[in-house]
Amino acid sequence: MLIYILKRLGLAVLVALCVSVLAFALLRVQGNAASALAGEGASAEDIAIIIRTHGLDRPVVVQYLTWLANVLQGDLGTSYFFKRPVAELIVSKIGNTVILAIMSLAIALTLAVPLGVLAAVYSGSWIDRICSGISLLGQALPSFFLALCLVMLFAIHLRLLPASGAQTWQHFILPAVTLGYYITPPFMRLVRAGMIDALSNDYVRTARAKGIPSHKVVLKHALRNALVPVVGLVTVQLGLLIGGSVVIESIFALDGLGYLAYQSIGYRDFPVLQAVVLLLSLVYVVLTLLSDVVNAWLDPRLRVS
Amino acid sequence: MTLHKILLLGTAMMGLTAAQGAAQQADNAVRFAYDQALESPDPYFTTLRLGVILGRNVWDTLVIRNLETGEFEPLLATDWTWADDETLELTLREGVTFHDGSSFDADDVVYTLSYVSDPANRIVSQQIADWIDSVEKTGDYSVRIHTKGPSPAAMEFLSSQLAIVPDGYYSGPAGATEQALPMGTGPFRFDSYSAGGEIVLARNEDYVGSEFKTPASLDRISIRTIPDQQTQIAELMSGGLDLTMGLPRDQAEMLAQMPGVAVESGETMRIVFLQIATSDESSNEALKDIRVRKALNHAIDKQAISTNLVGEGSNVINAVCFIDQFGCTEEGVTAYDYDPDTARALLAEAGYGNGLTLRLHAYRERHISEAIINYLAEVGVTVELNYMQPAAMRDAMRSASVDLAQNAWGSYSIYDLSASTPVYFGGQPDDNNRDPELIEILTEAESVMDPDARKELYATALRRIADEALAVPMFTLPVYYAGAEGLKFETYPDEILRFWEYSWQ
Amino acid sequence: MTDTTPTASIPTPGASMKSPSRLSLRRIAEQPSLLVGGGIVVLMILIAIFAPLLAPHDPFVQNIAARTVPPVWYDGGSWEHILGTDQLGRDYLSRLIYGARISLFIGFAAVAIAGVIGTTLGLLGGYFGGRVDMVVTFLTTVRLSLPIILVALAIVAIFGGSVTIVVIVLGLLKWDRFAVVVRATAAQISRLDYINSAKAAGASTFYILTREVLPNLAPQLIVIATIEIASAILMEAALSFLGLGVQPPTPSWGLMISEAKNYMFFSFWLIAIPGTALALLVFAINLAGDGLRDLISPDGRG
């Protein structure tokens, strides 16, 4: 077990390093970092000073290592646009994104589990078809289109929910529903497959044969087994959600990380973009690492392969 | 009337009329949205309109322009005289305090003007302060400004953009400061500021002002960045916002039919024009051919765009300036009519009969960009649109990497041509033509005190711009304000929201 | 927008798999989802191919005196512009028809690039195993850890938005699922007897990979490709919606939605028409993909 964890950890560190190289390259391909840092109207002397103080005249490898060392100490550089420390900007925005991700996940699960169970129990019937239809639709509707339609219905027509912003928990409902619906299908499919599997198992048949009411069998025995793989998917989806809310955050003017990243693309504010890309990648790496370790702990067979 | 519209009207009538407006009236606040994030809350370090608006609401200038008479009136300075063409002496108001309670005196004025006029500190718009040579303190409440030469636009800048900050406010160049929140003497103070997020202003209870800028009635102003116009509209219709500005004509007109929303339109000083890059650094050789530039002028039906897309309050212009600015004239300025055939012929003559590809940089009014692209396509010019944030576009222009720049210039609300034409043709950073003759004329005009001589110089420059077809002047932009019913506000051509005058009915 | 097409929906390679040649037309006819989905997709492809013949107007010609004319079934609509005109007075039906070209082209071209990259990596990793496999797995993990939409946005912002750039960016970013599935299947196939006998007979590695292994992967590849095409079309729409994808005046459905969103509270049809077209196309592709999956592995449905 320990060897497996160490191996897995080693891979995670390697991946993280590789991503950091890519993120570092992102800042370099877009042109002259020194004049961007110096700001407009800077004289040739100002730029020369920046080049010296930031070590931009040293070999690229040295620059990368210096940058990496800074990142590891929490120094993510300075925003070209806001002229503030990137770390400060990220800290002020990440809370909203995490709330949104968790709410979306909760909504996706409350939709996916009942639908998946229904589809499995009535596998092959019209109920199954409707459930998979709902899920297919979720994947076909562009999330931005769904978001706009929800705003029109719930914010303007019914006046139940705010149209944008992040001031109260109500502000998160519409964006969370949009994102949640979009990620429902993979969960639903997984629950359905797991349930079909579990329902055909011997112990469920035995339980049924013993005369335990059908709904009890489904909920108590089969569902518990079917939910195990869902836990793994939750961690992966959480990582994707934190990174994937760019469009939704910008439509709802929800002041989070995705919105910050979207703005920074518009402003060519590459230090911010670089930091967000790096951060999101690391979140994904850490979450998949955790999920792998938990799975290996639950299922010893995985450790061998 | 479609079912959809009936639904919309019905629900709007039920909800908005009383409930939402009343809630905001009760806490005496206004929620305002702007579509671009502010790079800095300091008006010296942003060119964004929102920065100008904050500048006027949070800070004070030495003098203020009376919008009815056009005269300069007292604000932080109670009295002033020109000792000679290059020396201005001002007496300052006593009893004024900054938002932290410290009192205002001559040191603050000397500090502010010295800081902003030093090029090393790199304020974004150098021209508003580069006429200042030095400032000296002549008493606790009196200062003397020495100019670099005759500076006819000095009072204009002193009454508009030159906001006074407290002594020692900055800790370094480029606006670096140790202060947690920006600070001035204006009718509102910063309550909170989140970079790229919400800005909250609160009323300055100790505001002194003058007869021409009075204490505020509203308690609070909250300003959010909402980049998507449809989200702004949704917020307005659902009562989540009290005021927005700058909606396109179509949306403003449709909003006006909604109960609970009041729409006001106003003419502005903002001019739209395509700047054609011809400088030596510019890489596009085609644009250095005057026939191509004339063809571009003939190809675009600016009247049709102005009438149909921009709407009432938009006037076609032929000179790159706002007509009410001192020195702006269309007399003797060549006007190019819409004539696609001539445009095609000119392009063919210049050797581009088989087509030409140009880049268009734009940062606002994307629908106008698209109309322009379609007009140019008609005469065989393919346009690649580079639509970006204003700061990014400014960088592109200043690094001479644009062909056509769609500018919408508001002259910082300054009624003098020195705030418009020279910015793009007088050798300043945004000049993508670098025409030596124009630079000479426009520079000379900035140091001539005789009004008639100045006017003549400006007219010569405007004629040359048109004859050389260095730009495609298009039209003025009206601005549409949409607000909750019951909010009392007045609009001005200078597009400045004077929040201190706003109130709920 | 998240990149979350379910991995669970990919058929697990195994004995139940059928080779395409064994699939009779009768079995295809038994798959209603494949028939309906495939039918819609084929129809859209035909519309895209014959756009110049079908479109009643030039999709680029504007008439700013006749803007946002409603579709024919509303008051004020006319048969001249069946689906009305957009905010610049361009015929909406014609733009919609030409828009199908953009969406389909980007979907197919991006996935073609992604398919080549992913299949090559997967084949190499699965067939050779060992160090080669470690490198492939590592590359796939790195790719998966990158926030795809953000990276795509950043690259498009740096290099400028155009159909070509969008295709290349999506192609370079969407190969991961191909690699994962092909690698697993190739590893299984390469252990089978007939591969060993081919090796013994002295066939070159290249021959084995392209002639023996690859054809057996075809069913999986087709299923993944449909899922990925749908997802690539949605990503293009999202990029264009954010203003960083295909640039105007190109009629992309995502861009049309983006330009119509300001009108949505007043002229809902402006956004509903391209929105529905986009959702229908993606729905049909996914439906066809589901049908194909069932066809290939009837026992592994779900």
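Things worth noting here:
Letters A, B and C name the chains as they come in the text, with residue numbers starting at 1 for each one.
The rule we apply is simple: a contact is a pair of C-beta atoms (placed from the backbone, for glycine too) under 8 Å apart; a residue touches a chain by one contact, two chains touch by 3 or more.
Worth saying up front: this structure is predicted, and the values here are computed from it rather than measured.
Taken as a contact graph, the chains are fully connected, with every chain touching every other chain. Farthest from chain C in terms of Cα centroid separation is B.
The chain pair with the larger count of C-beta pairs in contact, out of B-C and A-C, is A-C. The geometric centre of chain A is 40 Å away from that of chain B, both derived from CA atoms.
Put simply, the C-alpha centre of chain B and that of chain C have 45 angstrom between them. Distance between chain A and chain C, defined via averaged C-alpha coordinates, is recorded as 22 Å. Across the assembly, chain B contributes 8, 228, 230, 234, 237 as residues in contact with two or more other chains. For chain C, residues touching at least two other chains, in rising order: 261, 264-265, 268. In chain A, 148, 152, 156, 250, 266, 268 are the positions where the chain touches two or more neighbouring chains simultaneously.
Across the complex, chain A is touched by residues 7-8, 11-12, 15, 37, 39-40, 119, 122, 124, 126, 174-176, 194-198, 224-228, 230-231, 234-235, 237-240, 388-389, 391-392, 394-395, 398, 429 of chain B.
Here chain B touches chain C in the complex through residues 1-2, 4-5, 8, 228-230, 233-234, 237, 248, 250-251, 254, 304-305, 308-309, 366-367, 369-371, 373-374, 377, 384-387, going by the rule given at the top.
For chain A in complex with chain C, the residues that touch the partner chain are 11, 14-15, 18-19, 22, 26, 29-30, 123, 132, 136-137, 139-145, 148, 152, 156, 179, 182-183, 185-186, 189-190, 192-193, 196, 237, 240-241, 243-248, 250, 258, 261-262, 265-266, 268, 273, 276-277, 280-281, 284-285, 288.
Across the complex, chain C meets chain B through its residues 60-62, 64-65, 67-68, 74-75, 87-88, 160, 162, 243, 247-249, 259, 261-266, 268. On chain C, the positions that touch chain A within their shared complex are 1-9, 138, 141-142, 144-151, 153-154, 157-158, 230, 234, 237-238, 241-242, 244, 254, 257, 261, 264-265, 268, 271, 275, 278-280, 282-283, 286-287, 290, 302.
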